[in-house]
Each structure stands twice: as structure tokens, then as C-alpha cells.
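Once you scroll down, you'll see the structures, which are given as C-alpha cells.
The following pair of complexes shares a single chain, subunit A, combined with subunit B in the former and subunit C in the latter.
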Partner chain A sequence: MTDGDVAKETEGVTGTETTETGHAYATPGARGLISAIVRRELRTVARTRTFALLTAALAAILLGIGWAGGGMESGYVPTVVDVLTPLEVLVPIVAVVFGYRAILGDRERGELEVFRTYPISSWQLVLGTYLGRAIGVVLAVTVPLTLVFIGVVFTETERLRVYATHAGADSPVLFARLIVLAVVFALVVLAIAIAVSALVSSARTGLVAAALALLVVLFGLDLAIIYGFVAGPLGEGSLIYALPLSPLSAFRGLVLEKVIVTAAGTGPRAASPIASLFGLAAWTIGSLVVATLGVEHLE
Partner chain B sequence: MNERSQLVTITLLAVVLVAGAVGLFLIDAGSSQPEPVRFDDTVTMGLTLEDERALPDDVDLPRVQVFYSQYEYVVGYYGIEAFTATRAQDGHEQLFGYPLALYVTDYSATDLELDEDGYPRTDGFGGWVDATDAHFVVDSEARTPAGEATLSFANREDADAFTAEYGGTVVDWETVLERPVTRDDAETARDRVDGQHAEADQLVESMVPLRDRPVSVTVDEGQTIQKAVDDAPDETTVFVPNGTYEERVVIDRPITLAGPGADGGNATIDGGGNGSVITVEHDDVAVVGLEVTGTGDTLTDRDAAIDADEWDANVEQGYGHGDAAVRVINSSGVLVEDVTIETRANGILVRDSPDNVVRNVTVYGSEEWIDGFMGVMTMRSPGVIEESTFYGGRDNVYTHRSDGVVIRNNGMYGGRFGVHIMHASDTLLADNVVREQELAGLMVMTAPQRTAIVDNDVRHTPGGIRTSGSDSYVARNVLAENELGLTTNAETSIYEDNVIVDNEVGVRAAALVPSNRVVGNTFIGNDVHAETAIGSLRFWSYDDRGNYWEGAVGSSEDSVTLERSYTPTDPVDRSLHRVDGTPTLTRAPVRDAIAGLQGTVPGMRGGSIVDQHPLCEPPQPELLEAAGVDPDRYTCEAQT
Partner chain C sequence: MSDESATAQQHNDESAPATHHHDGEAATSQPQNGEATSESRAQNDSSGEGTEPILTAESLTQRYGAVPVFEDLELKVEPGGFTALIGPNGSGKTTLLRALAKLYRPTAGRVAYHGPSVPRPIGYLPQQPRFRPGFSVQETLSFYARLVSGDREHATETATDALERVGLEAAADRPVEALSGGMTRLLGIAQATIGDPPVVVFDEPASGLDPGMGLRVFDVATDLADAGTAVIVSSHDLELVETHADTVFMLDSGDFVAHGPPNSLYAAHEADSLLEVYRAAISGDADRVRVRGDGE
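Showing the complex of A and B:
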């Protein structure tokens, strides 16, 4: 984010309310306040070229992997298999980049102080920021994956035409499920990033904290579950319910269970969808609550 | 737009998006049951070309067609047993996924009867029925060329009526799947090798008395061999002393015609360039120790009397009646040994003569293969061809409908094919040295079953060993400096412990249905170790053991296998043994990220080969040494 972008962000709440509504600070309701913040965040996202660049990079990487892995010419499910592991790494990176400066930026520029003079509560600020950036993250994940989807549609499979063929268990619906799950996963990590950005007070600590959060999401939580399974605290019966403690494993489990296993057949269950969804929801709500507390208490 | 309507719009949009996203998980992801297709359009398994051609038209074998969840081609099986046996293979479900739909022949709609062979005969194909809805008759008198047959009916009453006439029990599909599968497969071919060698030894041994027959007549100067043959009593030897005899001989009595060839002498029979020189028309004849020359040059006799009703009449016409130095017709237990032949057509032609032995024979054929014919041609004549040497001609050994023929310890130099197998199952090709054929070394055609190709050494050919059919065993062969070392066209077969070095392409996997076990083979110095054109992802490992690939990288904890998989069809992996820098490139995390899960839906993948457990060192060092490669350079320690 450039300094110019940062400066423009300040137009958000302070400027628009008067010009757009024509009312000088007519006491807006909670919804109005949140939507104003959402709009401010959206403008930030739209103006920050690095976000667009990040989306383009993600698209290039995913298309490259789909092509190099041979999945794209084979079908939807093979492509999902090819991009799954890269997605597990790339989606958290994208979400953290989108979120880690959100509230930290307001704090650095003293805008959090300004907000205190408005009738806006911490949770409204956090929710608005989250929703605004969420729209950006959703686009950053959806657009590249949709391009890959289109790639699969238009890549011809080499076949012997003399034999009868059929699609098997492959289906565009399965790829669409991957897109939805990737979006959900991105939103969860975004919430964690927002929480991090609410807890730190300087750009330097913000960057370190964001990197640390990434490491925890990418490696730490899975390592903890592996340790729990190997060392004993997690019984064999409870592993499938413990997996969602890591959002990464919850995401992977849902993709395996709802996209890949559908095609691959039998074997032990990959995940409990309900537990996974519950885990992802808990991480999101928990992170937003932490962010709210951070905004309130760390002034 | 005022704030309220804006809010309504956004809310509506959000609801639609979320509902759509949730809906994606509620709908059935397109695995609706496909309709049956024409059987001719399926990728077919379980029948030899001979059966397909030779069976009468109204024989309607039970068939299965399967739509696998992970495999884009519809697979057709002749015989329900062929399907259940394939299904019982290791890794079958991993490769193909589960059956989305499974159809079997419906005999309810036909006037089914069994013929004297137990083959089902009908007035026409009765259509398909979903296997889960069908009723199956097991343990009845019904048969297919492969053995016992399970027949399927849409209606229970028809199944009951069938059992009333032909015996058996009516069961459902689940029960059929649970029945133990007994079917001769590649392991049968493997386990047969030693026994087949022993049987061949026995047959050769049984010929020794023919060589020990007492000499009753010695051909005198000025006398013809034919006269001596006509004069000799049965079970005796006609001896041909040194010299050249310009005549053609017909042997129609059980005698031995012997020259001094084995003792360093030279008795030559010269046929004068017209027709066959020696013709054997009686059981238990032996032709030994002679040189034969002056054959005619007729390759195909258009006037030969042939039963035109036989399905292979055109093959017999084309290949079964050419001129030969020695011709054996309708005679069993014939021995041809220590004979040297120079021929413009066939060397030895054996037709309808089982249990013959051709041994220590040398055949000089034409310089250009197109001008000559076969070194040994066996037509409907299983026997043993061993320890012989062939130079030039068309095919050094050509065998047609000679099930169980043994071709071993021969030297084959030049010609079109070294060995050419047509319509012959259960054959054994062992310990042959094959060099410089124009088209291929050992050529198997026409989809036979249980071919065993072991311990051969094939070099300098456009195609070393080319397989066909199914349930075959190809092992311990050396394939060096060929354009293409080996093909794995024979399905549900085992290819193991072969040494494949310095070929342009080591192995080409061309079978559409990946059903082979390829393991323990050594790939060194090939431009391309292995390639595949079509079909799905194949796994070339079995029981956590794969093949040795020069260039494969990775560490080994047990000094047996590498922990990294190797993909010979991958553009980076395939260059590992030739291009500097590739060992670093292939270890890039992004490649690991892709490779990690790739085995998950192999049946859906384009044609590729993955060895998940590459070997750390070549498993056959002695063979490697025979191929001119120092095995010490490739040991596990030498590389890591």
C-alpha cells in the first residue's frame, strides 16, 4: 500500500457521509455506519494496485499449475487435485495481505481516535472493515479460480474417438464447490488477519505479526493436531472432529470430502463437514470478537 | 438509489449467492446413470482374436460393460468372470474408481440354448440389463472359451427355466461378486515357465531313440536317396554319406534320414531350385545331419487345396503352402536336427504336425526379407524349436495357431521379425538372442493369452519385444540399443526384471486400459525411458516396489526404494538422466505440491506413468553386466 493510498483512505467516513447524503451528520443507524465503512474499505481495495497485482499473480500461478500438472486437460476433479495444495498456501497469503493493515492503518494514522468522536461502536467498525475487505478477497479468489475453470472447459482432452466415452464422476459442479470452499476459507483467514491488525500498534510489528499468523495457519495448527494424534491426547475417534481446529485442515477436509472423494470412491472419511463448517465459523466469529476487543482496549 | 432499496438489493444479492453456493453441495454432482453403449464401441477385454474370429456367429458370449467413475472409456468384458477377475486385481478401484453403471447381457429376450461345447447360442442379441437388477445362473453347463460361464437374465422365470435344463443355481449380483475368481492369468503364465521347459526337455528326450535307429541302408554312389528310403525297413536309419545329391525326397514311412553333419561330414541334398526338397508325410520321422539347398522360390501357392470354410483359410493360403527345404505335413513326433539349410522360401515348414522338434538347425534365408520366407514356419503344429540359428529371410520363426509352442535358445540375425506369434496362446519364448531385425525382434500379434517371454536378449531392432493379448509374462529380458525396447500392449500382464538400456525409447505403454504390473525393470541410458500416448495414469509399482530409473532422484532410507516418486512421462523427470540442472529443478516445492496428490484420481488423467516407489539400484546386476553396463556405477551407495 502506498502512502497516497493510505492518505486517500481517510476520506472514508469523514468525507462521504456529508457529500453523499446531503445531511450533515444526521445520526445514521448502525446499518448506515457499517455500510459507510464498507464503502470506504471497498474504495481502498479498488485503489490499491497491489491487490489487483496479487489477484493477477494468483491467477497466473493457478493457471500455470493447472496446465503443468496436466489436470486442466484431464477434467475438473484432476484440476482440483492439482491446485488444492497450492491453494492451501496461496489463499491464506492473499487473505492476510488483504487484511493485516486494515485496522492497523487506521490506528497508525490516528483515525481510530477520530472515530471515537462518532457514534460508532468497535464492533461496527470491525464488521464494516471486514465486510468491505471481504468483497475484495472474494474477488481475488473467485476471479483466478474462474479463469482456471474456463481453462478446463476449453482445454480439449486427447481421446480415441473410436471408443465410447463418458464423463465418469467428473463434473463442473465439483469445481464450483472448490471455488465456494476456497472463498469460505479465504474469509476465515481474512478474519484472523483483521484480528491481528487490531492487536498490533506499529507497521513493523504488524508485518511480523502477520507473518507469524500465516505460519500458525499454514503449519502451526496442523503440527499441533499431528502431535495430538501421534502423542495420544486425540483418540482415533476424535481426530475427525479435532481437524477443524485448524482452518487449513478444515478446508482441505471439506475439499476432499465434498469434491474429490465424490469421484474417488470409498475409504475412511476425509472430514466431518458439519464439524469443519463449525470450526471455520468459530474461527471467523472468534477472530472478529478478538478484533473488536482489540479496537476497544488497546488504545 | 436510496439507502433502503440499496440495502434490499444487497441483501437479495447476498441471499442468492449464498443459496447458490449451498445449492452446489446439495445437488447430485452429475453422476447420473449412463445408458448402455454398443459393445463394439467399448474398450474390450477377455477374448483372443482367434476366438473372436473362429466362434460361429450365433454364439452369444455373456458380456459386461462397465462405466467407471474415474475412467472416460467404457470398458467391455467378454465373460462376467473376466470382469470379476479384473476387479479383484490390486489397485483396481484406485485406477478406475467405482462402477457408475454396469450392464450385462440379457438372455431373457432370446431363445438361448447351449451347444455341444456349452457355448450359449441365441437367435440374436437380447439387449442389456442393469447388473443389479439381473438374475445370474452360476455353476451350470454353460462355458466360454475361457472356462465356466455365468449367464444373466432380466427375468427370474427365464433363469429358473435355464437351470431346469442345464443345471446351476440362480443368484444375485452381490453373490456373483463375492464368488472366488479362478481364471488363468499372468501368474499362471509365470508359474508355467519351468514346467513348460521340463515338458519341452521331455519331448526332446523322447526323440533320442529316433537318432539311435540302426542303419539299414547306406545310400550308394549312383543310387538315389529316395530309392534308399523306399527300401529301408520301418524304424531304421537311412545313412547318407558325404557328397551332393541332386533330388527331392519324400519320406512317408517312420524312418530316420541321417547324414554325417554332426560328425563334421557334409552330405548335401540339392532340390534343383524347384519345390520343396525333403517332404515328411509320416509320424516319427527324423531328418538329421544333412545340408539342404536348392529350394524353389514359391512363397504362396495359389493352387493349394484349402478348406475355404475355415476362418483362417486365407492365412493358410498365404503362408502354409510355400516351398521349403524340409516340409512336414500331417505328421506328429517328427525330429529335424543338425541340419543346415540355404533357402529362397521357407527353411522348415511344419503344418498340422504336433509334437515336432526342430533342433540345432541353421537356416540361411534371403538377404532382403521381402524376397524370402520363414526360417521355421509352424502352422497348427505346437512343438519345440531350439538351439537353432537363423540368418536373414522374412521371419526367423513364424507360428500360426500353435498353442504352447516353445521357442528357446535360438540365435536370430536379420530378417523382418525374429519370432512372429499369430493366434497362439500359452507360448514360451526363452533364452533367444535376437539381433538386427528389420521391423521387430519378438513380435506377438492377434491378442493371444498367457504368452511367456523370458530371458531373451534383443538388440538393434526397431522394436525389441512387442506384445499383444493378455495375461502374459515378460521377464528378465535384455533389451538394448533398439529404437523401441518393449511395448506393454498385452493387458493384465506382468512385465518384471527386464533390463532396458540404451534404447531410443525404453518402453511404450500403449494398452488403453491400465492393467499391467510393471516392476523390477531397469532403465538406463535410454533417450526416453518410457512413454505413453493414450489412456490414463498408470502406476508402475507393486507392493511398494517399482523399477530402477537412471536419473531418478531422492534419498533412500532402506537402500531399496527412493522416497520420491518418478514420472518418466513428465517433461522434467524424463530429462533427469540427461540434462544438467534438472535434479535441482525437479525438487522445486511447487512440483512437490502438484505431485503430492496426483495419484488421487488416476483414471481421469491423461496418458502418463508414475512410479511411486522407484528402486535405489538395479535389481538384476548380472543381466545389466550382460548388457554391457557396469552395475557398480549404479548401486545405491554410488549414487547417494
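Showing the complex of A and C:
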């Protein structure tokens, strides 16, 4: 293959090097390397039946709750209220299942070590893994919630009463906000799961660490904030700025602030949206940095 | 190292610091009955007297806490050579190979690659290669090829070439989890050669394989060496080693107790086979597994 051949249809290429056997390699750049990892993860997600079953189960549970709770007949915001608490539990579970073996599996098989002989750095590997799995997680959260949304569209029968009893307006836009916020929450927990995946070295410790991470996300951080509030360090005024320390509280606060309170038109301030988004971003970036360090210091 | 036998100590003197068969004591014995491919490589090597090593290890030391695995090892590997590393279980072969593949930072000393600037200087085959399930053989190699080539078409060609190199074309569409142990090993070798690394390190490539498959694996390694790749292999199959390797390093208790071309080792130990050299050079009770660090 000539250099000219190599130049065509390249992706994120940084230069061309010729080996002793005469092969010219259009060295992939960071984008090309990350893209290769993303594609691999996407194939894994698409071919792993567990992920499809998990998505179907989430859809069934949310549709069941929305229907049984009566929210779907009442409108978008009542449905949000019905599914919010289940989402707080189920979204982290879905994200952790998608992510906790992503890097661990490569480590167990020895492929992580083999990657060290390739021109890919730890951060590229972690970012590619995260992005690939993230596409799967986005689908796993979006599809069930979209089905619930469609359910509301077709079963909503009390539109007028809802409009009359809410100062604000019930609107599909508010449900769309829930979907976006749930996806963001899932992506944050996925980053935490990827960090766990990069730090453990066996399937058993991976499972235990993933379960622990779930407990911390679901209960531990909230309990710590409550303790801080009760014990004194956190005052009433600073509480809404402390809540984003927990991804779950940040998600819940954003849903309350941007979906439910908006619809109600009034109510106490539930969260600081900026602080919540900052908190979620910090958890995501921090987790990916931890994952990178975990891969970097592999022994 | 302090408890090595006299024989081992005597041969230990041969090992440092010049380790290739062109240099030092062992190189004075000319190959007598080497296998054809290794002979031809030896001739090529001799024509390139003074060839610069492509990989060197200097004062290489590895300890796990207070437990030494090996200390102050020196090694030079030349382009196109087939270097074999043999020794008892637990002698540190895998740790040494991983250091040579630059997979970790040793406690002390350094491994330096002196070859051309290529995307992937050193290829590595782990002792038990495994691949992500759910992918075909071709997909697996294409993925690895994409890590060294930004061109999709070229990456596919690279993967196909690697498959052909190990004779695994017929299994290209087979899921990796459906491969036999030997085929998985061949896929591992194909992976190790992706990007045409000038140095490849194979950790026990014939381990657990039937004789035919083991021979095939070593033949593939020999072909790579013939093509100019520096091949470093660890193995317990002494017959395969003596018929394929240009240079043998015998590692015992964290030190090279013998090294040189197989025929030179026979001469030095008045032996007829590598097994006899092994028995003469390796210290300790062969019936007992030694654990590095105990009592040292």
C-alpha cells in the first residue's frame, strides 16, 4: 500500500509511518483511536442480550407504574411524579450494569495489558469505552421513557382537570425534560461505574464494588447530606448547594425544579440548577479521571 | 542467586554482559546441527557482525516488596533473531517477558527499544490470550488493526494479512469464543503481529497445545524471524526451542544460568540436547516447586 492509498478515507490520522516490512501505517490520531474503541463498545452493547432485556424490563416497569398509578391518564407531569422515584433507583442500576464490566472484562482477559503495546493512551481508552457504553445507556433510558411518553399521549383523558388544578401548564416539553435529565443522570452513574470497572481486578470484586457504588449513589451520599444538615455543618441556606454533592439529589432537584415546580407554577426552591449541573459534571469528569488513573496504574 | 549451584554459577559467568551468540564464550562454538531456518538466520546474523541490538535490557531488576524475581539482568536482542527463554516454573520468565514488552516499569534498570519509529514497536502475546466474546476473528483483528492504522481499508488488509500469517483465514468469521485453544493461540499471535512490530514477545505460545499445533506456532514465529522481526519466546518445550531458536537464555532463580545458541550450549555442557543442558544448568530439586524470595 502506498502513502497515497493510505491518505484516502482516513479518520483522525496524525501521520504515516512505514514499518520494516514496507507497510505504511497512517497512524491514527486521538479521534481515530477513540472512535475504534467506541465502535467496539457499541458492538458489544448491541450484541449483549442482557442490555436489551434490561431495557425491555425498564420499559415494562415504567409503563406498568405509569399506568397503575393513574399518571398516564392524568397527564405528563403526574406521570413524571409517578415514575420519578422508580427512576431514581432503576436508572443507576441500568447504568451500573452497562458499565461495571466494561474495563474489568478487558483486564480479566489480559486485553488491557495488550493495549499497552498499541499507541493508545489510557484516557483515550477510558473515554472511548465511556462514549460507546453511553450510547447504549442513552438508548436504554430513552426508549422506555419515550414509550411512557407515547403512553401518556394515547391514554391522557383528564387534560382539562389537570390544566385547571395546576397554576402552570402540563406539557410534553416537561416530560421531555425528564427524559433529558434521566439520561444525564444515567451518564453520570455510568461514569462512576466505569471508574469502578477500572479499579477492580476480578469479577467478584467488580460485582461487590458495583453494588457498593450503587448503595453509595442511592443512599450513602444522601444520608451524608442529611447528616450534615442535622449535625449542623450544613445550614438551611446552603442545603440546595450541598445537594449536588449527591448525583441522585442533583437529579431529583433538577426534576423538581425544572419539571414539577415549573408545572405547579409555585413552590419552595428545590435545587440550584447551576450547582446541580456543576455537581453532575464534576462527578462525571472526576470518575473518568479516576478510571484513567486506574488503567494507567494497572499492574 | 546466592544459592545457585556451582554449575549454574559457572554458566552464569557466560551471561553477562554480552548475551547474543555473536559475542562472548558461547559464540565460539559454531552451530553443528541447527534446524534449517535457524541456521539460515544464524548465517544472516553472522554477515551482520556488529548489528545494533533492537532491544536491550540493562540492569533489569524486579522485586515484589522484599521478594526478588530477578536482579541485574542484561539482555540484547538483535533484529531477525529468534530468542528463547527457558527455565523452571516460577523462575520469572513471564515477569521478564512483560518487562521486555514494556508492560510495566521494573523496580530498577531499563528496557530500551532501538528500532525504527513505528506505530507499535513491540507486539505481545500473553500466556493465555483471550478476546472479547461476541466478535468474530476478523472483527477482533480489525479492531486491533484500527489502533495502528487510521485507514479503515488498510486496517482490514492488515487484519487479513495477520490471519493469513498464522493460517487462520478459514476461521475468519468464527466467533472468538468458539475457537479451540490452539486457534485462540494463533489468533493471539496474529494480534501480536498487528502493525508489523519489529519486536514480538510470545509468552509460552505452545503451552497446552498438541505437538502439531505447537510446531505450527513455532514455525509461525520462525517465519516472523526470517522476515526480520526479533522474536522472543518463552517455552517449556525444549525440543521446539532447540530446533527453532537462534539463542537460548536459561533463567533460574532470577538469573541467567546459561545462554547462547543451542549448539554452543551443548558444547559448553558436553550435552546432546537442550534437556541435558537444562538438567545440568538448573539448580535445585526438580521435583519441588521453588518460590522466589523464600530464604533468599
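Convention: the second predicted complex is superposed on the first by the 261 of 299 C-alpha atoms of A that agree within 3 Å, B and C clash if a C-alpha of one lies under 4 Å from a C-alpha of the other, contacts with A are read in each partner's own complex, and residues count from 1 in each chain.
The rule is short, and it goes like this: a residue touches a chain if its C-beta (ideal position, glycine included) is under 8 Å from a C-beta of that chain, and two chains touch if they have at least 3 such contacts.
Just so we're clear, the structure is a prediction, and the values are computed from it rather than from any experiment.
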Touched partner set for A:Gly32, first subunit B, second subunit C, both or neither: both
Partner chain in contact with A:Val81 - subunit B first, subunit C second, else both or neither: first
Contacts of A:Ala57 with subunit B and subunit C, given as first, second, both or neither: neither
Partner chain(s) touched by A:Pro119 [first = subunit B, second = subunit C, both, neither]: second
Partner chain(s) touched by A:Ile135 [first = subunit B, second = subunit C, both, neither]: neither
Contacts of A:Ala281 with subunit B and subunit C, given as first, second, both or neither: neither
Which superposed partner A:Leu218 touches (first subunit B, second subunit C, both, neither): neither
Subunit B versus subunit C as contact partner of A:Ile93, first or second or both or neither: neither
On subunit A, the residue positions that both subunit B and subunit C contact, one per complex: 32
In the complex, subunit A residues that touch subunit B: 31-32, 35, 65, 68-71, 73-75, 77-78, 81-82, 84-86, 89, 157-160, 162-174, 176-177, 180, 183, 258, 260, 262-266
In the complex, subunit B residues that touch subunit A: 3, 6-7, 21, 24-25, 27, 29-31, 34, 37-38, 41-43, 67-74, 93, 97-98, 100, 512, 534, 590, 593-594, 596-598, 600-601, 603-608
Contact set on subunit C toward subunit A in their complex: 79, 98, 101-104, 115-120, 122-124, 126, 128-132, 134-135, 139, 143-144, 146-154, 157-158, 191-192, 195-198, 227-228
Partner subunit C, residues of subunit A touching it in the complex: 1, 5-6, 8-14, 17-21, 23, 25-29, 32-33, 36, 39-40, 43-44, 47-48, 105-106, 108-111, 113-120, 299
